[in-house]
Amino acid sequence: MSLIQAFFAIVRRDLLLAFRRRAEMANPLFFFVLVVTLFPLAVGAQPNLLQAMAPGVIWVSALLAALLSLDGLFRSDFDDGSLEQLLLSPHPLSVLVLGKIFAHWLVTGLPLLLVAPLLALFLGLPGQAMPTLWVTLILATPLLSLIGAIGVALTVGLRRGGMILSLLVLPLYVPVLIFASGAVDRAASGLPVSAQINILLAMLLLALVLTPLPTAAALKMSVN
Amino acid sequence: MSFIPAPLSRFFHRTASPPHFYALADKLVPWLTVLFLLLLIPGLYGGLVAAPADYQQGDSYRIIYIHVPAAWMSLFIYVLMAVMGGIALVWRMKLAEVMLISSAPIGAGFTFVALVTGSLWGKPMWGTWWVWDARLTSELILLFLYLGVTSLYGAIEDKRSAARAVSILALVGVVNIPIIHYSVEWWNTLHQGPTVSKMDKPSIHISMLIPLLLMAGAFKLYYAIAVLQSAKLELIKREPSAQWVKSLLENKA
Amino acid sequence: MEHLQPAMLEVADLYCRRDDRSLFSGLSFGLRPGQVLLLEGSNGSGKTTLLRILCGFREADGGEIYWSGRPAAESSYFADMAYVGHADGTKKELTVLENLRFALALSQPGQYGIDQALQKVQLSGYDDNPVQSLSAGQKRRLSLARLLITRNILWILDEPFTSLDKQGMELIETLMDDHAKNGGMVILTSHHDLTFPHLSLQRIHLDSCL
């Protein structure tokens, strides 16, 4: 069958799997909400402070939630031998991997989009920053999945890969964090944000093209 | 491999064979050590004694003779590791894997030295041990990248897979370094306002520059010595029962 | 089915090392259409490792694999082979049908349709059962159904008889026999001896390949 069909077969299968395991699906989302809730409890509920911290708090929490959800990207495929079958497929592994990442983003990244504005409201982020928050989430959460996939692919063969995964992935998340939270921060003070949005868009396009290759290479190494 | 002329390819394969490389490294290290001392001693003397004190910072600026070369090395070694990683992935050259692995702890060491000296320098300059200066922050993230390489290599049991994994990681890291660097710079100007970076001096007096370059050369040679010694050990650890290792041990005994 | 092209697997001087210990070296064999190769050897003799090298998951430390006279990587080898390993590569949350349809989407359609294949492995009527409700033997038969619905010439099977009863084992031997008669090839590891009388069987004992 054609490559496009194989790509969508993977997306459909992974979405179906996520639906059958829907209890697990919500966990990263709860985690995200919980981490955001911890901040007012830790630093106090002064509205000014929370408002100033809101972009950072939301983005750091989104980063951690993405990191937490990453482990599920290849874990079950690795454990039940599906990954070996993907490798043996005549289609290029990098495209199949992209399908998996896309499904993963639909399941873990997209829900953040719905919840984050609500949390931003709780933290007192000004309404004028909401559209920017949305745009940065749309552009940057797929980036988190794409970059994170490299790290998971490198560590999926390890029994205790979680700590190493965060050590590998979080430094690579730094630019995403800076530009995304920076854009929201600027929007909150009424400054233009097109530069940051453009950079995020450029990074997303670059990552779409470049990250599946090392991810595929790393999966081949892990299956070894 | 076809686009490399045959004699050149033969030369690389001969040099890269473990016994040959081991013998070569053995021969090179004493010479490199002599050269290292020849650069280090005048460099240290020139920097710590001969060069004049800075008109603003007094003697405390002299830490740049350690800080700046260490910071240069930290970046240089990571780029070198990525090159080794590329060679290891494309041509499956074991020597490149060994050099990559041996470089990582040394690079992490230089990065750590650059961080510590930078923070020591910050005390008299800014009155605090740590400021979120763009360069220091980038250096800190670079340290995490190095630690990622070493801990990933340590975690994967099969050392051939581990070498492939860190080769991939080093390549991914090197693509990200400029992005990280510029994003951190941008972040820095956003949050602290444009500050004159301490290293962006338009001109540095020649009596300060010469010792700095000598020290940079000395650091490069130190790296070469350290990486060769560590690569020798790694080669033996990889194939302890190989014929050449056995005959080597017999000769030593 | 004589029109299957006469592909031939040729393994030359294969060498594999693990943790500084040689697993096997100088391993050479050839496989013709219609032949079945049984790999024997004690635990840790490198049977699974050899299969994983043949699947391209692992690189050999030396030697070469040829398919129709050309190095495997430059030939259609990887499109012509199929593998069933210890982990059978099915998703336990999905139904039998969903699993097979997915396998088909990743590959080319083969000799049998999904219904026919399920009939052959005696899983007819289980189409909509989630795989986690199947018994271990049924799961194993399902993973073999995947071989029937996709286009392939060489089957690589790692311990296909585990968790199967006598009938299940006979079923697999019948499937292998059919495949071989159609010009296919099978390489497998097994602790059980094969009983099927008509198989053109080769044996390699890995303990002696050091």
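Read from first to last, the chains carry the letters A, B and C; within each, the first residue is number 1.
We adopt the following convention: a residue touches a chain if its C-beta (ideal position, glycine included) is under 8 Å from a C-beta of that chain, and two chains touch if they have at least 3 such contacts.
Model, not experiment: these values are computed from the prediction.
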{"item": "Chain-level touch network, classified as line, ring, star, complete or other", "value": "complete"}
{"item": "Chain separated most widely from chain B, comparing mean CA positions", "value": "C"}
{"item": "Comparison of A-C and B-C by number of C-beta pairs in contact, larger one", "value": "A-C"}
{"item": "Centre-most chain, if every chain is reduced to its averaged C-alpha atoms", "value": "A"}
{"item": "Geometric centre distance via CA averages, chain B-chain A, whole Å", "value": "32"}
{"item": "Euclidean distance of C-alpha centroids - chain A vs chain C, Å", "value": "37"}
{"item": "Rounded Å distance between chain B and chain C, as computed from the means of their C-alpha atoms", "value": "48"}
{"item": "Two or more partner chains touched - positions in chain B", "value": "158, 160"}
{"item": "Overlap residues in chain A, where contacts from two or more other chains coincide", "value": "224"}
{"item": "Where chain C touches two or more other chains, by residue", "value": "59"}
{"item": "Contact set on chain A toward chain B in their complex", "value": "150, 154-155, 157-158, 160-161, 164, 167-168, 170-172, 174-175, 178-179, 182, 185-186, 203, 210, 214, 217-218, 221-222, 224"}
{"item": "Chain B to chain C touching residues, read off their complex", "value": "92, 158, 160, 238-241"}
{"item": "List of chain B residues in touch with chain A within their complex", "value": "89, 141, 144-145, 147-148, 151-152, 155-156, 158, 160-161, 164-165, 168-169, 171-173, 175-176, 179-180, 182-184, 186-187, 190"}
{"item": "Complex interface listing, chain C residues touching chain B", "value": "18, 20, 59"}
{"item": "Contacting residues of chain A [partner chain C, same complex]", "value": "1, 5-6, 9-10, 13, 16-17, 20-21, 76, 79-82, 84-91, 96, 220, 223-224"}
